[in-house]
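So that we are looking at the same thing, I have put the structure below in structure tokens.
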Amino acid sequence: MTLKQIIEGTDTKTGRAFDLTIQILIVYSLITFSISTLPGLGETSQQFLHISQLVVVAVFTVEYLLRILVADSKLKYIFSFYGIIDLMAILPFYITFTVDLRAIRIVRLLRVFRIFKMARYIRAVERFGIAFKSIKEELVVFFGATFFLIYLSAVGIYYFEHVAQPEAFKSIFHSLWWAVATLTTVGYGDIVPITLGGKIFTFFILMIGLSIVAVPAGLLAVALQKSVRSISGK
Amino acid sequence: MTLKQIIEGTDTKTGRAFDLTIQILIVYSLITFSISTLPGLGETSQQFLHISQLVVVAVFTVEYLLRILVADSKLKYIFSFYGIIDLMAILPFYITFTVDLRAIRIVRLLRVFRIFKMARYIRAVERFGIAFKSIKEELVVFFGATFFLIYLSAVGIYYFEHVAQPEAFKSIFHSLWWAVATLTTVGYGDIVPITLGGKIFTFFILMIGLSIVAVPAGLLAVALQKSVRSISGK
Amino acid sequence: MTLKQIIEGTDTKTGRAFDLTIQILIVYSLITFSISTLPGLGETSQQFLHISQLVVVAVFTVEYLLRILVADSKLKYIFSFYGIIDLMAILPFYITFTVDLRAIRIVRLLRVFRIFKMARYIRAVERFGIAFKSIKEELVVFFGATFFLIYLSAVGIYYFEHVAQPEAFKSIFHSLWWAVATLTTVGYGDIVPITLGGKIFTFFILMIGLSIVAVPAGLLAVALQKSVRSISGK
Amino acid sequence: MTLKQIIEGTDTKTGRAFDLTIQILIVYSLITFSISTLPGLGETSQQFLHISQLVVVAVFTVEYLLRILVADSKLKYIFSFYGIIDLMAILPFYITFTVDLRAIRIVRLLRVFRIFKMARYIRAVERFGIAFKSIKEELVVFFGATFFLIYLSAVGIYYFEHVAQPEAFKSIFHSLWWAVATLTTVGYGDIVPITLGGKIFTFFILMIGLSIVAVPAGLLAVALQKSVRSISGK
């Protein structure tokens, strides 16, 4: 049983134990990361979170170095998708020593990229990849149409509501927010048309918009089912 | 006409009458249960509900014991899905005698599980079961992706909105609530991004999210149609 | 050219003119009906609406009698779908003479059934009928599941939110309103969970609910496309 | 290399450079147009936007004249879809000199039609066109059903809520706004039923409505996938 088998393979017991350890650490790391954003944490909690953080980074650093060590082509691993993800999982920690205090907050939030380390262990990711690739062209068509429609909606509603609600529909940029919330049917209700023209315009734009915005889900459902079928050989 | 035919079968008149009685009692029980949560009920109403409850539990207890009696394998029935459901339909009542007062409220709400007794009489349940099983793998893929996306959205919006709205986006946990309400397009409007960054982030996350969150409905629609076809032999 | 050809057929010029007249009157009748609900109408407007109403009812009554006259089997027409609709289009007017004042408002609103007269002229209705019939079984499955899910959601949210928001989640009946607005993703935002338990419960119920509630649209889309195909012989 | 090749073709370097210039100008023009609606712009910004506007119109005018010049049939181009779009992209500017001040605002907003100039360069537009055409009949069916359903919903909710909320549900026209926001599941929450009857009515109308309103997205998803397939020859 070589070191390579343990780190890259899943056919030995030690290999599976290694994988499981990393997975548990990823989840643990994300939970402590989330907790660390809670306001009003006590001194003890903060110290515990700090030590957790040190342990996690230490293990991930060792893992990263080991993966480089056992890789057939070291450079290929380093610049592969997972190589970059593994580096990004530890980099934010080391960067916090070098950057000035103001930038620390955003650097800390980059720890969230550790979630991508999980992708290595989930077969589903591969499937999603295949499904997405097979409808790439359709998705491009759809995104173009969505941008187009949202922009037109924003200009339209700006025309109808600007005079009646100069604060909410201050400019086309402000109207874009309404267009996004409405066409996705989220409908927060923070900005709502009040003029007759604006309401009729909303009706027609929704009639067209609903047909456009919900399309990619249908496309993906079909593609996903097909890709799962072809992989599992059903 | 044996007792077994009456209780388990539907080919005798008495058997169908027995089934119908149980079904009516289930619906009646759920309605009185719902009414009992209404505040400000009079003395008479409460007494009526109490007696209803006693009658329902009595009948369901007799039914449960009879089903054990006529079962070919008593143990197999007791630990079967419907055996456990039948027990759970009466257990909450008997438990209320043994537990202390504070826990009584939650135990009472467990009466809702009586709704599952209805499953025995609905052919549709079987169909849903088949449909779900046939897309199990795809649903797992989807749930993984949804959790992933919601967590990323929460971290992202926390970054953009935390400073501007420290109360609404207090921590990543608070931001998760926004992510759930937004990505499912429910959009209650109790928490809404107000910064430019947060709004643009919401737009992009929705563009991706809509494609993910609505997928299982599409999958289930296809699977359901297929399963109904194969059962009814169309 | 017989009277029958004019009234029932569409292959003569007079027949098509007759159809068009009725269609225009239906739309006209619905518009004046909507206008009559506007508050603060002047004396002249009200008189105009009243005369319009008289003309419309007169024409529809003549149409109804003519249709009976030319029908091959008078009884069959009277009790057919369109026969009943034609009667309901004029009945509310005649009833207002016989009922007391308080009931008049609801009787007036029954005029809305005139919209169903339109169905005779729209080929699409037939298609929808075929599409619906072909997925009847699946729709029954779905409606059962939806009722089931909404009831469970209401009981669950009642348990989590009743103590924190005794006014909004007063009883299971009040909680049902939240369940409907949430599971359909309408999300008015008039009642929103505020406890941690209620929010987590909402997340899980939405994950399951979205897969259920959006299913019939998928079913109908497939069925509709098929039915249109088979009719137009594509 | 003739002028025609440069303007209409994409197989020469100069031709591609010409296309790219126009595309960049369209996007630039839309961005400056959006910025010009921002309130509180300084003197310098406004002057810059004004000059940008002059340059854009100048180039688009030259482009329009050149396209007429090189067209095989001048009249055919002028009255073609793109010919009209190209004219509408510059017309608003020239009209502002002739109309009185009050109409200027709406004329300015017509600049948004420049976005349609972009259609010439996006292959996706052609695909959407094919997909839409193939489900034209189904979409007509759907739009009829949607109008029908929204009108019925408005009359129904008017009946249930008018007495309890005379302000929000003032007339059938006011109720139509609620029907649109609810059946599309946008659910702004600005008008919400509060009576028991209104809530139960909302539940049933949503159960039917969801099946109708989401249909065209499903139809379009299928049609779009097919059209892309047939074009790319997969």
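Think of it as A, B, C and D in the order they're written, each chain with its own count starting at 1.
Basically, a contact is a pair of C-beta atoms (placed from the backbone, for glycine too) under 8 Å apart; a residue touches a chain by one contact, two chains touch by 3 or more.
Here the structure is a predicted model, which is why all the values come from computation and not from measurement.
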Applying the document's contact definition, name the chain pair with more C-beta pairs in contact, B-D or A-D.
A-D
Copies subunit B and subunit C touch via same or different residues, half shared test
different
Can you check how far apart subunit A and subunit D are, centre to centre, with Cα atoms defining each centre and the answer in Å?
30
Subunit B to subunit D, mean C-alpha position gap in Å, rounds to 42
If I count partner chains per residue in subunit D, which residues reach a count of at least 2?
185-189, 213-214, 216-219, 222
Name, in rising order, each residue of subunit A that touches subunit D in their complex.
135, 137-138, 140-142, 144-145, 148, 151-152, 155, 158-159, 162, 166, 170-173, 182, 185-189, 192, 199, 202-203, 206-207, 210-219, 222
Considering the complex alone, what residue numbers of subunit A touch subunit C?
185-189, 218
Note: in the complex, subunit B contacts subunit C through residues 30, 33-34, 37-39, 106, 109, 112, 115, 118, 122, 124, 127-128, 139, 143, 146, 177, 180-181, 184-190, 213-214, 216-222, 224-225, 228, 232
